[in-house]
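Residue numbering begins at 1 within each chain, and the chains themselves are lettered A, B, C, D and E in the order written.
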């Protein structure tokens, strides 16, 4: 991890952007240290692209300032900023060949060795052969890679990536992720990366900001965000969470003792962000162990009875839906350690977890915030949430 | 799973498409049963979009025929086919509002209750509020959802989805996947789904075709493809695989005995697609167990010594890179069952796996086909493969 | 493909159509714009035409669709050559165009019975080369070509030589694209009679003109639009038509018209009846009507061109003495004596002259 | 790649919502000017176009001493209060307007169809057709006019409104083809593909997707057609029979002096066009508000 | 999508019929007329007189040349003036767009002559425009005047064909995707470079269309040379006009027209090929 520099940090100070009556970005304040890899994560329409556009100079903030180091760049022209963007819509120049698309920025700044640099950039994105084609003759993923090469080849101080790998298959995406990370480390650029791929965000970014409706809900390192989300939205949006509604009934050393629908559940006080009496106890599906009813449960683990209602195989692991005695549905992921088939729908099972792998949240929020809503399984009707 | 119908199966018979000298689709023969959910998976530029466009009638095959049930639709006009497409590039009508975009197909076929249907479709994709906006006033993900609604609202016999969820965040994507699956089941349409999200393909599709350079490499159910890939390309492209080069030294009942760099490895004969002497033994990273050196290893498991060289946390699990004694690098995924930290880089460990969870492949192929190439870790230089 | 039929082969009898005049009491009259009297209160009303209708019961379809002799010829040529009715019974064209049409036998002889007033024609106009006995044509109005100058810009310019050579006029002189007017005046200046111009005389005059063009003395060759340049001061002196100057003087009293010392050119616009005209008799009656001195006087007072009808001046001396006194409408005998007409050219020389002339005016 | 063609700078993303920023007034003014340099040049070009109209307008209030209306004499509303006072002028104006309208309609339809075929289809004879379209423009107007006349005479077609319509459509059509082609070239074909995919027949695709997207080109082309037809003198003169169009009237009047009424007509035509556009604009705005 | 050929033929049929009957037939007649000899009185006879072509070329080469030069200059000037105008209408006008569009053509709803007369008032030798230019010494090269100079002719052509340049330009600029301009800006292109490298190339169909609509009719125009020019500014259109209407030299006029058409078509071919708009996306 590159330590936060202070020289050329990118700072957004109380930035807002309104389109007529609609507020796309709402009083956003962020510091992105020089040379860091910063990820913006959030649901569709939450203002990620708009934020990047303001940094790139393509949109002027309605309010607030944007600083790069000591320079206020709020009103600087895009072409005066040492910032490049990989556009979500690619925005390739249709009249230029792939080669000339990539060479565009270099030529504008009269760089030397354009040819070598372009060729290298194209090879990096595996498009060396297609240099002479026009953008319309490429597949979606190929176009996206051109957009990537076109920005990267300029080695900008700040690189804005708006879902730069969205159209790539997993293999190529992973490969590009590695390339990106490597370039970022070697060039020392600041990368601001918008992605909807949480694994991507978590494995690449030094810092992640989770946005929601134009605001940042939580900001921190990947592990921190995952292990101790601060809000229900973050808990649900970044990975999945099972949220059990509990009432604090007492304390035991460093632990809170809770009542969850009549079951006694333990949660380390240090892992709760809320001191209120009503809490959500959050447990990630992969932290829940599934075992046949009556099998031994490790000491101190919380334990609940449940019934499997659904299972689905997704390669590395199997996802189970189980129903507790009081009818709440929980997700459990079990890694497919062997080819054995696990429990089937209908089986009675027990679930248990290490209290230290759970987290506590303020219990007054909407438990569905940021969650997947499954109409089939009786979630809140999709249309009413937006 | 919907059983393959015979009435209105979609069949591609020896279909090829060439753009000048470049062959995008190469003698493709496929049968997609009526009412099934079919996924096309493959690297960028392998011909997925081109295949869909031929089915949709937007591109005429250079060779071959396309049939829907008994009808040869090869030369039918797009508007005469009961087929709708969700375009990779969205292709929303810029002069129409979101509402009118979605209503377009209904109006063309003079359907009744246009308003109600459109409103319902828009609510399904959570865009009820934005019906009166123009496409340019939407975020990338919102545009993609409009494209989805515009096709779905027509309830076509065959729905072609070209990465319909690519611009959506994980949450929304999962939700849309559930919606799609539900619609597909209730309407009984045939869905042909191009995706680069393997989890998506595996969790949604009845049948998956893995394409590579215009050809289908393997076709089958998700579990079948994952558990017993037929080629190195499929093994590497669909999930990750560790491939160990082995030579058959003998047999033992239903098992092959192999020598892998001096280690004796067992592989059930039934799990090898090749009868040749030189095999790759493939093991998925999640099927490899990592345990401290000297810990007990279950009976019959294959076992190797290794050293951890890298670990990275990705939420649900941690990915380890380990190096065997003979220097081969292997990937191991370990589910994060608790918040304990696992072994650190440098630790000596043992890895073991159930022979029944491995698979055997013809050992004469390129072991890198379809694999992620990591330049940093000494993979084949990216530019030379394409 | 084969060639078009020679137009002059049309027999005179073939020229006439069944005359519908008695059944169909109308006459179609094509004239130039602003070439007829209009009512003070309603400009759509032409009092002389109304009176004609009262007298004869014949109504006149009056159309102002002749803007230019060549343009008009171009427009009706194909039909006339093909022996078609051009849907006009009377049309007004300048001498040389009238000459061409007569030569081509595309117009009909007038029936003397119907145009008794022909006797009132100004004596100097009774004999013209192209229509020796005025069998085909009767003048509608006349124009003089001479020199006009803007007194504010220059002193008097009274000779063509001055006009074409005086250095203070360089670039401030225009001449007319109309060959007969410009070349006629130069021929007179050279002491030649335009009525009997020879090829050699023409070439000599053309050389004079060419020199003036090459030296930049002549700014432009113009149609009617010289008036504007003259009034705006862009042009100091020019070859001009008297009728225009009468009107210009109302705008700008600095504009003067002179007949050059060596003489001026006179031309008339003539009423003609095209072949196949359906209302020939009605047309003749109309022509006859405009040769009544009273009617001619009323017309002249309004349009300000030379009146070709004897007796009109006398009437105007009573009703509008200032019009009667205007030399440009009623030239004195002395002036009339200095006016000349241009030779009626045959087809070949017309083409030869105009081609040579065109090369000078559009180098 | 781009799907939306309407996204452009400064339409809804810019302008109105920008924050007021404090900058030194002089440099702010300078940078404002610099940013709007193109707009200034554009407006200057418009000024150039409108200058003669201004003169025409001013002189419509002149009361010329004689027949010639080019020296300022004195202010008068006579021409405005008695527009149709000049015999035949308003008839000719009305004729020209009707002619220009139908000719524009004809040329726009034929030319648009041709443009579509030429841009969107590959067919045998495409290249020759492409060239043929340019030929009428490359033909001197006298030649075009007299050739048509010869054709009509040979074919025994009487001259009048029909022959004018035919000839105006002929010379306007090329202008339409070129203008619409310029719009069509580079239009994203995927939008039409999407329409076809959504059950739109070729006609419906054209009507619902292509046409609205090409509309600016078609509007531009019909504006050109209208002004070409309305302003034409030569071809018209050959083929008008005994009809007199407005330019013919003006041309003739010019022989003896253009009356100020012609300036009035010029001004009225100008303001009428402007008024119609403003009215249409106001109506769509009002109806949009109503449906909201 | 593969377009059906029959559709294409259906689309071009009405237009082609119109052109075929009302243009091609007369043009064939025109070519045949150019090869005949005779006069109005004697009639014309086809003599396959190809010599007429050599003659008129020899006689009128300067006029051809002048037409091409004036038309080129006018086209260039129109392009330079029209581009910012079209750009402003397409991008800056907002809801005033339609109003500006109509303002571009509305001057042409007055009449050509009236407009020209107005210009003559504006550019008069003693007018203030000339006075200003004279004061700063710009009229020293033009006989101390603006009217009746080649400059006036070129300006007249430019003025009269400005809408024919502006509208196609507007039409193709209006379609331009703003995101591409943003991308160029982001890649260090300043507004000028963005224009040169992105805006202009993408508006090429409009540039090509506009230059054709300006150049072709301007090359055959005669009215501007007649009203605003001098004897030294006659263009080929004036010659054809004169031969056709005044000297009645129909074969000569026909031959000149045919040459003009052929010359323009050849230039258009070369131009369109070089501009390569057909390949543009």
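Assume a residue touches a chain if its C-beta (ideal position, glycine included) is under 8 Å from a C-beta of that chain, and two chains touch if they have at least 3 such contacts.
This one's a predicted model, so the numbers in the text were calculated from it and none came from an experiment.
Asker: Spell out the chains that contact chain A while also contacting chain D.
Answerer: Looking at chain D and chain A together, the chains touching each of them are B, E.
Asker: What is the chain whose Cα centre is as far as it gets from that of chain A?
Answerer: Of all chains, C has its centre farthest from that of chain A.
Asker: Return the chain label for which the distance between chain Cα mean and whole-protein Cα mean is smallest.
Answerer: Answer for the innermost chain: D.
Asker: Please work out which of C-D and D-E is bridged by more C-beta pairs in contact, and write that pair.
Answerer: It is D-E, judged by the count of C-beta pairs in contact.
Asker: In whole angstrom, how far does the Cα centroid of chain A sit from the Cα centroid of chain E?
Answerer: Distance between chain centres: 59 Å.
Asker: I'd like the Å distance between the centres of chain D and chain E, where a centre is the mean of that chain's Cα atoms.
Answerer: 16
Asker: As a quick test, compute the distance in whole Å between the mean CA positions of chain A and chain C.
Answerer: That pair's centroid distance is 92 Å.
Asker: Please output the residue numbers of chain A that touch at least 2 other chains, ranges allowed.
Answerer: In chain A, 19, 89, 91-92, 94, 135-136 touch at least two other chains.
Asker: Give me the residues of chain C that touch two or more other chains.
Answerer: 71, 74, 225, 228, 232
Asker: Residues of chain E that contact two or more other chains, please.
Answerer: Residue numbers touching two or more other chains: 1, 29, 117, 120-121, 177, 179-180, 182, 202, 244-245, 280-281.
Asker: Quick check on the complex: what are the chain C residues that touch chain E?
Answerer: 1-8, 70-71, 73-74, 77, 81, 103-104, 171, 213, 216, 218-221, 225, 228-229, 232-234, 347-348, 350-351, 354-355, 358-363
Asker: Contact residues on chain B for chain D in the complex?
Answerer: 56-58, 77-79, 83-85, 87, 89-95, 104-105, 108-109, 134-137, 143, 150-151, 154
Asker: State the interface residues of chain E toward chain C in the complex, per the touch definition above.
Answerer: Within the complex, chain E contacts chain C at residues 29, 32, 36, 38-46, 59, 62-63, 117, 120-121, 124-127, 143-145, 147-148, 227, 229-232, 234, 238-239, 242-249.
Asker: Show which residues of chain B lie in contact with chain A when the two form their complex.
Answerer: For this pair, the touching residues of chain B are 19, 41-45, 48-50, 88-89, 120, 122-129, 137-142, 145, 162-163, 166-175, 178-179, 182, 196-199, 202-203, 222-223, 226-227, 236-239, 284-287, 289, 312-317, 333-339, 354, 356-357, 370-376, 381-386.
Asker: Flag every residue of chain D that touches chain C in the complex, lowest number first.
Answerer: Those residues of chain D that touch chain C are 64-68, 70-71, 73, 82, 84-88, 142, 145-146, 149-150, 153-154, 237-238, 240-244, 248-249, 251-257.
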